[in-house]
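What follows is subunit A paired twice: with subunit B in the first complex and subunit C in the second.
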Partner chain A sequence: MVKTWVTRQFLFSMFVTCMLFGSLGNVLAQDNSPTDDEVNAISKQLYCPVCESIPLDACGTQACIQWRDTIREKLSAGWSEEEIKQYFSNQYGVRVLAEPPIKGFNKLLWYLPPFSLLIGSLLVIRLLAKTRTNLNTLDSGISNIDNADRYVDRIENELKQWE
Partner chain B sequence: MGMSRINSTKTSPSYSIIRHAKDKLGQIAVWTLLATLLVFLAIKLFQSSLGPVRSGTPPDFTLTTFSGQTYTLSELKGQIVIVNFWASWCDPCKAEAADLEMIWHDYKDRDVLLLGIDYADTKDEALTYLSTWNITYPNGPDVGTRISQSYRIRGVPETYIVTQDGLLAKSFIGPTSYENIAVILEALLDK
Partner chain C sequence: MIVNLGYTALLLALICSLYSIVSARVYINTNRYQWVDSARNAVIAVWFLLTLACLSLVYLLTNEHFEIEYVASVSSRAMPWYLKATALWGGQAGSLLFWSWLMSTYTGVVMLRDWSKERDMQPYIITASMLTLAFFISLNAFVENPFNVLWIDSFGNITASVMRPNANLMFTPKDGAGLNPLLRHPGMIIHPPMLYLGFVGFIIPYSFAIGALAVGRTDSVWIRATRRWTLVAWLFLSLGLLLGGRWAYDVLGWGGYWGWDPVEIAALMPWLTGTAFLHSVIIQEKHGMFKRWNMILIILTYALVIFGTFLTRSGVLSSVHAFAQSSIGPLFFMFITITFTISLVLLFRGWETLGSSKTLTSWLSREGLFLLNNLLFMGILVACFWGVIYPLISEIITGQKVTVGPPFYERTTGPQFAALLFLMGIVPLVAWRITTVNRLGHLIWKPTIISLVVPIISMISGVMNFAALLSLWLASLVFCVTIYEFYRGAIARSKSSGNNFYVALWLLISRNRRRYGGYIVHLGVVFMAVGIIGVEMFQTETQGTLALGERMHLGEYSLVYRDLTEFSANDGRVVTRATLTVYKNNKAIGKLEPQRDYYKDSMQRMTIPDIYSTLEGDLYVLLIDWKPVGLQQATFKVYLNPLINWIWIGGFGFILGTLVATWPDQRDRDILTNNKSFAQPL
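Right, the complex of A and B next:
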């Protein structure tokens, strides 16, 4: 009886020990290395000058692989997304950023399209208004001609009566 | 009464002149804006279609090497300067790496300077590349890709040979060899 109890206790303690060390092992296996999703979240905001128009997260060249490794290293070192983007911008130029900063000449990229759209819309509205005015003038011209015809008819009738 | 005054103002000759002038000014402003935009686009398209620098005075630059030395091209007159654009991820660059090191080895004492410009690369891989190929001539990163943009390079490797007078003697687009460079160097040194 005692032997069974001791055996059970032993087995239970072994189980608890294994569970503890097992879970500790898992904890120790974890590190601070960033996930692929975290790396890709920044990568998709960068373009390497070697492969134009392909974001870093979708590019398979060696250059892009190296750049993604750099992002991973910087994230592991505790850098923020903005710090990493700034680093790449300083190192390789503003052109590597998917969204160039709104300053200096880059302002044109942000303000020109809506401004052009506004100017274009105004021009179209103006053109339509002008066309409508011209049509109205034409209509009134036509109605005047109708009136004139009516008067001509009346004069002709009266002249006939005179005859 | 008020309404008729407004109507009479609107039909007055001065009102129509002002309105006409306003319309004209608006048109001029829009056309000027469009013309400026077109000129700007034309300039940018022209610049992008120019291709790499081929003759004349090459663009000036200052290169800070991985070891911290600084070289400014315009201050190097009197010696032949070979400017080589490369990157650690570039396979064709590896094909010419040994030849470039040999050129440096054979000509460095004859007033020839070889500068390696590391394009769009990461520092660790670049240093590994230099060590793998035993490269000893000065090399530095193209910070902000400013130098490569000013030379309008299309890719790597590209090599430019600048004469003692600071003029571009020859450019090689793609990998080059010891023989190709040596012929140019000998011709320039014989002058």
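Right, the complex of A and C next:
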């Protein structure tokens, strides 16, 4: 009887273990199978060389579908986002990336707009430096404009200009 | 017959446009009035001739004359009549002709309406505008001829030309290739004309500017004369951009409205300089300052208009919008180089006379802040221009092809757009010449406190993204300040005149339309900014494959896949349409039917979304794929685009505000006609 009980307990334990491992297997299998959203998250950072300015996640051509399948395979194999992007970049050139990496000649792409804004700002500052009035000295002199009547005058004066 | 009529009209239009240039030149040399009158008549004749050419082409398109190369390439029997007619601008040759016709309409109206104004400049205005028009007409006449007929020789070789080659017979295909499926959308009926009207419209203020430089005019009266033209061009360009965004949203199936595509940016660039010009020119009118800068801006706007047309049509850059590519690129490039050089030569020749003795009084003045506004517009322009041309530069210098996608533009222009919003928030409260910090603080504290309500409510609702909160606060600030400006002005008027508030508000707006029209446009910008913030910062998406009856979720919405049908449409499409029931918080609210169209003639596929649209946002559903056997499973991509409809609503603010600002004003007319020095007969 004890033997039967032990045998039953053993079989039950084996069953539970098998179920657990089976479930675990399924869970692991699910983990390895990336969702469409995970594929799209990487796809939208890539452009196929054939299509025109359409990111990979929005493109319906056969080539882009194959690329998305490749991303899915790489994700299943445990590759990281950066590794996958690097893979496509190595295979097809940096043009597949939505943004060129900030290195080499491409630094010029990223640095020129802020640099030109800086130059523009310096020119504006130079121009403003020539302004004739110092705000601090004027502050007390025109403090009387801080009232509502001044605004009435302003509106009326401006309207009179047109009348 | 109609072909010959159309082509002859085109050639005569070219001859008349060249004649008008020569005639204007003869007047400049001889000072004999009849020459400039003759030039003006030639300009008007060009409009009649181009109208005839356009009508001829529309007739050929709507009557299925497939022996015409252009008709065979852009239309087909299955297309409805309105798409056949609008195929006028569906291909390279036709759209160039349409471009020329719109431009001749503008110049014709200027000749009829503004002939008595700025008469000393008229010969130069004619020269500048007709030189541009002659260039476009010659492209049509000699390179991209919409009236080319198809011919076939005894070996079966097909050629296209106006004249019949020896031993050839006319070839009439049974059907045309049809319009590019992407263009078979109601939005395309109106989007290109709007964009072209915007592009072409900027040629008028440019022509006036060239006229002013040529005769050495340093006053601002000519600017006043062209103000309405500039505003009209700006409005059409704005609407063209907006409609283009709506078309992309409805047709391209990427869930967005703006992809920072080179052609989109090509249309945005003249809008940026045009907007900077509209602000900066106010300072010239008020205080006679920034004359040189305004000249630079208008020349730049013109150059960018031509550059944008070049980009779209040359095929030099790849783009989803580059429908019409041909070998006209080098000709465009030459034209841009020549006109830009001539403009710069004229500008530097008049550089000294354009100088102003006046200087800025304070950085905290409306002039000073307008200068910052211009700096930011130029900063955005540089980023856009650089991003567009960088792939070419990289390929030429390093041999490496690169893609400059949305992340670059978003990072480089985003902070500058935010800074522009901030300026929009404070400039209305800043006076001309000088404002003190105290005064600004006194005026701004109330709207600032009220504006903080929006980011605070957003935070309470769970928004913790700093950039989003900052942007929402800026949009809210602009809204509060603008409304406060209307309120203060109306109260001030009401107190001084004794009128009730609403009458005072009406009088305030009607007597200073330009300022308050501008404020209405600013309110439109606020709505658009809210929409852009919603989509760019809070868009969510998911994709999944469903069996019939299965459900997928996104936010508070869920979708149940009900059905998939496949059928052939009358216009040659094979349509695969899915039906989904939409639930919001588990309550059924409607059904959506996204579809995939396959055009058999061109073998092109289009993914057409279906959208559940509310003011709160759009549920945007795409049918990505399906199992062909049994139609049991289908893959859907779903986007949740919060607040996106605020962008389109903002467009109405643009229209209303610009209409208010451009509405004819007797006082403007008085200023122009009272300026006797320019009202002399020639």
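By our rule, the second predicted complex is superposed on the first by the 95 of 163 C-alpha atoms of A that agree within 3 Å, B and C clash if a C-alpha of one lies under 4 Å from a C-alpha of the other, contacts with A are read in each partner's own complex, and residues count from 1 in each chain.
Assume a contact is a pair of C-beta atoms (placed from the backbone, for glycine too) under 8 Å apart; a residue touches a chain by one contact, two chains touch by 3 or more.
This one's a predicted model, so the numbers in the text were calculated from it and none came from an experiment.
When both complexes are overlaid on chain A, the residue A:Q62 reaches subunit B alone and has no touch with subunit C. In the overlay built on the shared chain, the residue A:L109 is in contact with subunit C alone; subunit B does not reach it. By the touch criterion stated above, A:E83 is placed in contact with neither subunit B nor subunit C. Of the two partner chains placed around the shared chain by superposition, subunit C is the only one that A:P100 touches, whereas subunit B remains out of contact.
Of the two partner chains, subunit B is the only one that A:Q91 touches; subunit C does not reach it. More residues of subunit A are touched by C (comparison of subunit B with subunit C). Once the two complexes are laid over each other on the shared chain, residue contacts for A:D37 go to subunit C alone; subunit B is not touched. Residue overlap on subunit A between its contacts with subunit B in one complex and with subunit C in the other: 49, 93, 95, 112, 116. Subunit C contributes residues 252-255, 259, 261-262, 318-320, 322, 359-364, 368, 371-372, 375, 378-379, 382-383, 386-387, 390-391, 394, 397-398, 400-408, 412, 416, 431, 434, 436-439, 442, 488-489, 492-493, 495-496, 508, 511-512, 541-545, 605, 607, 624, 635, 637, 667 to its touches with subunit A in the complex. Within the complex formed with subunit C, the residues of subunit A that make contact are 35-37, 40, 47, 49, 52-55, 58, 60, 93-100, 104-106, 108-110, 112-114, 116-117, 120-121, 124, 127-128, 130-133, 135, 138-139, 142-143, 145-146, 148, 151-152, 154-156, 158-159, 162-163.
Residues 48-50, 61-63, 65-67, 69-70, 90-93, 95, 112, 116, 119, 123 of subunit A are the ones that touch subunit B when the two sit in their complex. Interface residues of subunit B, counted against subunit A in their complex, comprise 30, 33, 37, 87-89, 120-122, 125, 141, 143-146, 149, 155.
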